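Two complexes, one shared chain (chain A), two partners (chain B, chain C).
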Partner chain A sequence: MSETVTLTIDGKEVTVPKGTSIIEATEILGVEIPRFCWHPGLSVAGVCRFCMVKIEGMPKLQIACNTTCTEGMKVITVSDEVKDAHKWALEFHLINHPLDCPICDQAGECELQNYYMKVGRYSSQMDEDKVLKPKALDVGDNLVLDTERCILCSRCVRFEDEVTKTSSLGIFNRGDHSIVGTFPNRKIQHNYSYNIVDICPVGAFTAKDFRFKCRVWFLNETKTICPGCSTGCNITLYEHKNQRQYYRLKPRKNMEVNGHWMCDEGRTMYEHLNATNRLAVPTIAGKHLSWNLLGKEFKQKLENVKGNADKVALVLTPQYTNEEYENILTSLKTILGNLPKIYVWRDSAEKIDDFDGILMRGDRNSNSKGLSQILEKHAAQAVTLSGDFSPLASSSANLVLVFGPEIEKSYSQFANEVTRFAELSNVIYFGTTLNPITKKFSLAIPTKVFAEKNGTFINFKGIPQKLKANPLVFPAMKGIEDIFAEIKA
Partner chain B sequence: MGYINVSKDPEKSLKNGYLSTTLLGLGQTISVFAKQLFKLEESVTIQWPEVEYKYSERFKGAHFLTKRPDGQVRCTACFLCATNCPAQCINIVAGQSSDNGIEKYPVRFEIDILRCVFCGFCEEACPVDAIRLGPEYSMAGLPEQKWVYTKDYLLNRSEIKKQVGAKQVSKKEENTKDASVMSSLPNIHKSSGSGH
Partner chain C sequence: MPVIKNEYQGRKPDEFRILLGLEGHSNARNIQTYIEKGNGYKALEKVLKGGMSPEDVINTVKASGLRGRGGAGFPTGLKWSFVPKGPGEKYLITNFDEGEPGTYKDCYISEVTPHSLVEGKIIASYAIGAQKSYIYIRGEFHNEIRWCAEAIKEAYAAGYLGENIMGSGFTHHMDVYSGAGAYICGEETGLISSLEGKKGQPKLKPPFPAVKGYLGKPTVVNNVESLAVVPWIIHNGPEAYKKFGTEKSPGTKLFNVSGPIARPGCYELPLGYPLMRFINEDCGGLIGGKKLKAIIPGGSSAPALTAKECENLTLDYESIAGAGSMLGSGAIIVIPEDVSMVSVLENLMDFYAHESCGQCTPCREGTGWLYKISKHILKGKGTKTDMDRMYSIANNMRGKTICVLSDAAADPARAIVTKFAHEFEPYLKG
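Up next is the complex of A and B:
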């Protein structure tokens, strides 16, 4: 692929590998050509006829997605002729599109709406009634299909054929009666179904999880990393602008990590962020403790074992950021004089090397690699607790610090295993989820969730990726770094 | 900036006819009072609350929600009123309707009337003519919870029913499909279908 061609797009010269389509070349230049059916992660279909461009020397306009760049080609993307083509192509798409915008979840991020405002702005000349088609069909565990809203771009069909290879969708009938749908007795039941909602340029596919919950213009976006597994997909997290409530997350393009997609399992990673499921205030022996007094109590507990670092056990889980591990280890070293005994608590049923062939990995911890790197850096020997807790029980530690997992469902036996810690005496537990068991610890401290942290996760490939913090759900909350800074002062 | 210098010297005021103008004004008051007392002239003041003032049809008072001809709530929970509301006093929770032609309906629709500024933007934003500002202007009351108008209350305004009356049923063209249309839709899973 060393061969390249040089072409001119709107007067700008660009050199691309041979075989690149015009639309890909314009993406490199940052020029946006209106498109519906073309998606960078899927094959070319060329069915929407929307991405028209003028190529010098050709009598008619050509579609940019299915025309290959050739040497010396001159492409014009902005001219009256091209604008006119976009405008009328859009009117054809909207002929049978229902006026569902008020009840359609896609409204606000709909490509039809956006392109109408950008390139449309015509008055409809259609005098006939719209063709009616089935609405609100249940096509799978996570999806609702509205065939009337569909513009037949076939992105979903190609996604099923090419990415998940399940091929359960097709386009049926002819002409303006064409509808997209599942084959008889087939449902969309794979782990990547929400991607179909993302790639659908209109509101034909809507997510059951998000349906009717919130209008998209009320949501703020934060670019962060999925904590669901060691792949570390790049995501955009959507939080309500006025209420501290998370509604959904979507994948963000990163060709090195996740491409354009993410799994449905990862899409549930917003649920534990909302206040209803969160551990809100610290508890001391089951009673609420204010954040102001926490530092004093925590310091007291650590002072009691000062100098006896080998009588302290530190249990870590691979779901914290590198910065937090670093902070925990250096702070404990300063306070206790030496590093305590370190245990790494992992799920007993996990299959680390599992891979579903697309994105999801068996290691359901976001930062396994980061943890091992930090431990290596501090030359610390860690004992793995995986179903067997006897090494910890036999250590007869006076103080046990447990940094519990943020995503408890990634531990298949979480409810059982966490009681094993509660059986020990003098346990300080750090966790995020509201759990009756937290009352049994001598001190339970809520920690920030991934959405509230600035930090680094290292994914399975060793790529460090940054998290970006949102405002805290509980404004009074202190992070691990704040608590350690307070007791060191 | 210019300003008028008003003298506060009482002697000067007397000299300028303070007493005479006061008596003149008093005479006016008494004469109007007498005329209205003996019904020689129509009174401008009305005896509220025994007599209600009749505002224009377009008066923007407390809200009500309109109904479809079959009595169902017309609102489709599109949140446009809540988005447009400058006082952020509208709170909607949307739900899935059992009727596929309607799809979305408000499970809860609440207006915090104490925050409302009666601008009428909600009425203007509504694409389905579901919310209107009614004729009610007197909204005095005591208990705290009365001030958040619930969906039930907005749909059945008993105290202003007479005034609202037929206005509560919106005649706006229905966007839903009747059964005959639904049955003629192409069924993609029917094996015996003739096709097109």
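Up next is the complex of A and C:
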């Protein structure tokens, strides 16, 4: 028995592993068959009846999602019969849909809208009263449900059953009065709820975090990596086209890393990117310092300890890119003549080996693996600061360089611990967030956030993944590499 | 050619009685009556003690040409043969949901001869190797649930159920499971979902229940009537069974007649019996000398036939399929001249819109849409376009869904809209 079968789809030959469904085979070919209920990350439901295709030798049209490819099968996805079936399937979906696109958050990325333009374009024949169903239901911490917009594809129900195994959702009632909803006294309260908004093909589930904030056609998409933990989920980041404002992020398929999903905690990783909370300009002893003068001041501080590398302490956190670590270490080596004493500051409460069984890991740092690899490469011995800062205090360093965490909330004791550095004299602090303590440092330097960097994170599995930079929120800002380049020149 | 005895008049037990032999007996449901008067449990004895192998049983039923009595008419023996051979958990489920409007034959079987069903189930379970079987019964059938449960209890007490039946080494257990009363649970995979404790919704096929059914194990779902007739076939042999009925539709079948006729009720007839003779002679014709307008020959899902189309029909699968309808469950609904087909349509569409499980879009939305339009027309607010629209909606609902409920709603709608179009005209605005 061979392990593959060869079939033709619209005259194009394709060879697929045995057991592949027609819809999966068309994905390989890049032919799109309209679908609502089928999702590559979920089981086959076969209920929307949209993905109809013609198979030669079969009297009736078949659904592509539940038909297994067989040797020599001839599939036709474009014919008058198939087109008519698609048009009617869409019309059935829309007859009781409220068509409230102007006030619906899904507008612009709604599959009903998209398919209407692709395969619909009919004039509605529906003259009857529509079925009215409950709207604006609060179904969880993050979600709002509109059952009138729902097309009952059951993706959300299957997601709850199969991915998170929380089974909070079900379909109630029968016929055209069927509604999706939560079971009595149950809410969707888990760390993966926003995925339901992503897989919902229509505007039935909307995110409390995003609804009514921005029309999706005003958003630019950037493909990058989530910095929330050591899993390194592949994400798409949405930034406003005209304003420097981030609105949300969504997972991007990568079967080796995150599959189709990401956690809700990761979804908040856009909040610290926006200008409101960011450290915008450098400060020297609490006073603003212009970016042009920063290089001079920074150089001065390093010149003072030149040749005394052992009198310099370097505190790193595992949230910078490989390229940045490399730059920091080589630059300091050049300037000081040798590597300074290195400390790695980690959260005192972290449980590195924790795993929630789906995606999120106990190591909430995006690049622990990258940092240890770079340190190893430079044969640097690092002391870990985890709750106990005495090794640093007793080092009697004349100059302390702290590269603080970009995501401060991943350090459970951040507010306390950062004051420990403020107690030391002559501290240069690199960070992203505006907080009262930054003014106490002799020099505080804003750094770029992950969304503004091109660089590499190495995830817990050892897979290096590239970040992609967006335009800077503060256009004058200089990155770590720019600052070191300036003082080395 | 069909064997039709001219003297057959339907209601009195006579030689054509296969299933309803005990009809009219004062204590018909009792196991003693069944054993003494109805050759009860002789077939089971023949199977278990007479050295019949499961294959022999399947082959006997195949040879009898018995076709499933639930509606689709699928050969029963063939259905059994799809179950994988060898050891392992398997289930036999009796479909006693009897939801098709107009049908009450299964209830009648449980009222007259529940032990035929129990015995048939034990034999069928032996044939497919099922250790456990269920009677899935509609929740509203209070009496029938009791009768079935009593029959099972009696069979246990008599040693026909339980461990090592009659010393044959075959062990079988049986239970009654009452559903909540949904039309869709009469669809075999919907029934399995319901029996599993889930919402009664049909499952995607493939995999078919014979391979992956109840709790993921091979399962056969048979109608009450198909199973109840099995003991007779085993006891008398397939040839005796084939003496009744036609070549392609052998045996007898229970027919339920409803509507304004003199003697409505449940009749056992050999297949191939002339329809009009049955209505006019055996059932005494329409009351008050009314004229016949239409007949729905096989439960509400069967497209209606006009009086003219019924003239030369015989009651068997082929003849009625040839006329563009179906024998279905054998529920004959008689519609007289003074009933408007528009209200018939509205009534039927109301039923299907209410009973669609809501899983597949064309059925969920289509049944509701058809109902709304038909209601609209009945209120005198429809137009000619509504008729065309109903026809195209029905056309596009057919064959597009997981189960055939969609077709069951679409076919009668298409038939009424086309065959009785003239009746709609007074209702239309223009």
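In the analysis below, the second predicted complex is superposed on the first by the 487 of 489 C-alpha atoms of A that agree within 3 Å, B and C clash if a C-alpha of one lies under 4 Å from a C-alpha of the other, contacts with A are read in each partner's own complex, and residues count from 1 in each chain.
Rule of thumb we're sticking to: a residue touches a chain if its C-beta (ideal position, glycine included) is under 8 Å from a C-beta of that chain, and two chains touch if they have at least 3 such contacts.
A quick note: this is a predicted structure, and the numbers were derived from the prediction, not measured.
Visitor: Overlaying the two complexes on chain A, which is it for chain B and chain C: clash or fit?
Guide: After superposition on chain A, which the two structures share, chain B sits beside chain C with no clash.
Visitor: Identify the partner contact of A:I480: answer first if only chain B is touched, second if only chain C is, both if each is, neither if none is.
Guide: neither
Visitor: When the two structures are overlaid on chain A, which partner does A:H177 contact: first (chain B), second (chain C), both, or neither?
Guide: A:H177 contacts both chain B and chain C.
Visitor: One more residue to check, A:M52. First (chain B), second (chain C), both or neither?
Guide: In the superposition, A:M52 touches chain C alone.
Visitor: Now for A:L61: first (chain B), second (chain C), both, or neither, which partner does it touch?
Guide: Once the two structures are laid over each other on A, A:L61 reaches chain C alone.
Visitor: Applying the document's definition of touch, where does A:I22 land relative to chain B and chain C: first, second, both, or neither?
Guide: After superposition on chain A, A:I22 lies in contact with neither partner.
Visitor: Decide which partner touches more residues of chain A, taking chain B and chain C as the two options.
Guide: Of chain B and chain C, C contacts more residues of chain A.
Visitor: To make sure I follow: the centres are taken over C-alpha atoms, the vertex is chain A, the ends are chain B and chain C. What is that angle to the nearest 10 degrees?
Guide: One gets 90 degrees for this angle.
Visitor: May I ask you to decide whether A:L314 touches chain B, chain C, both, or neither, giving the answer as first, second, both or neither?
Guide: neither
Visitor: Is A:V44 touching anything from chain B or chain C once the two structures are fitted on A? First, second, both or neither.
Guide: After superposition on chain A, A:V44 lies in contact with chain C alone.
Visitor: Aligned on chain A, what is the least Cα gap between chain B and chain C? Give it in whole Å.
Guide: 6
Visitor: Overlap of the chain B and chain C footprints on chain A, residue-wise?
Guide: Dual-contact residues (chain A): 173-175, 177.
Visitor: Considering only the defined contacts, which chain A positions touch chain C in the complex?
Guide: Touching chain C from chain A are residues 44-50, 52, 60-61, 66, 84-85, 88-89, 92-93, 95-96, 125-129, 131, 151-152, 170-171, 173-178.
Visitor: State the interface residues of chain A toward chain B in the complex, per the touch definition above.
Guide: By the definition above, chain A touches chain B via 99, 101-103, 132-136, 172-175, 177, 179, 181, 184, 211-213, 215, 217-218, 242.
Visitor: Sort out for me which residues of chain C touch chain A in the complex.
Guide: Checking each residue of chain C against chain A gives 182, 184, 199, 204, 206, 353-362, 364-369, 372-373, 376, 386, 389, 396, 399-402.
Visitor: For a test of understanding, state which residues of chain B touch chain A in their complex under the given definition.
Guide: Per the stated touch rule, the residues are 76-80, 83, 88, 94-96, 100-101, 103-104, 127-128, 175, 177, 181, 185-189, 191, 195-196.
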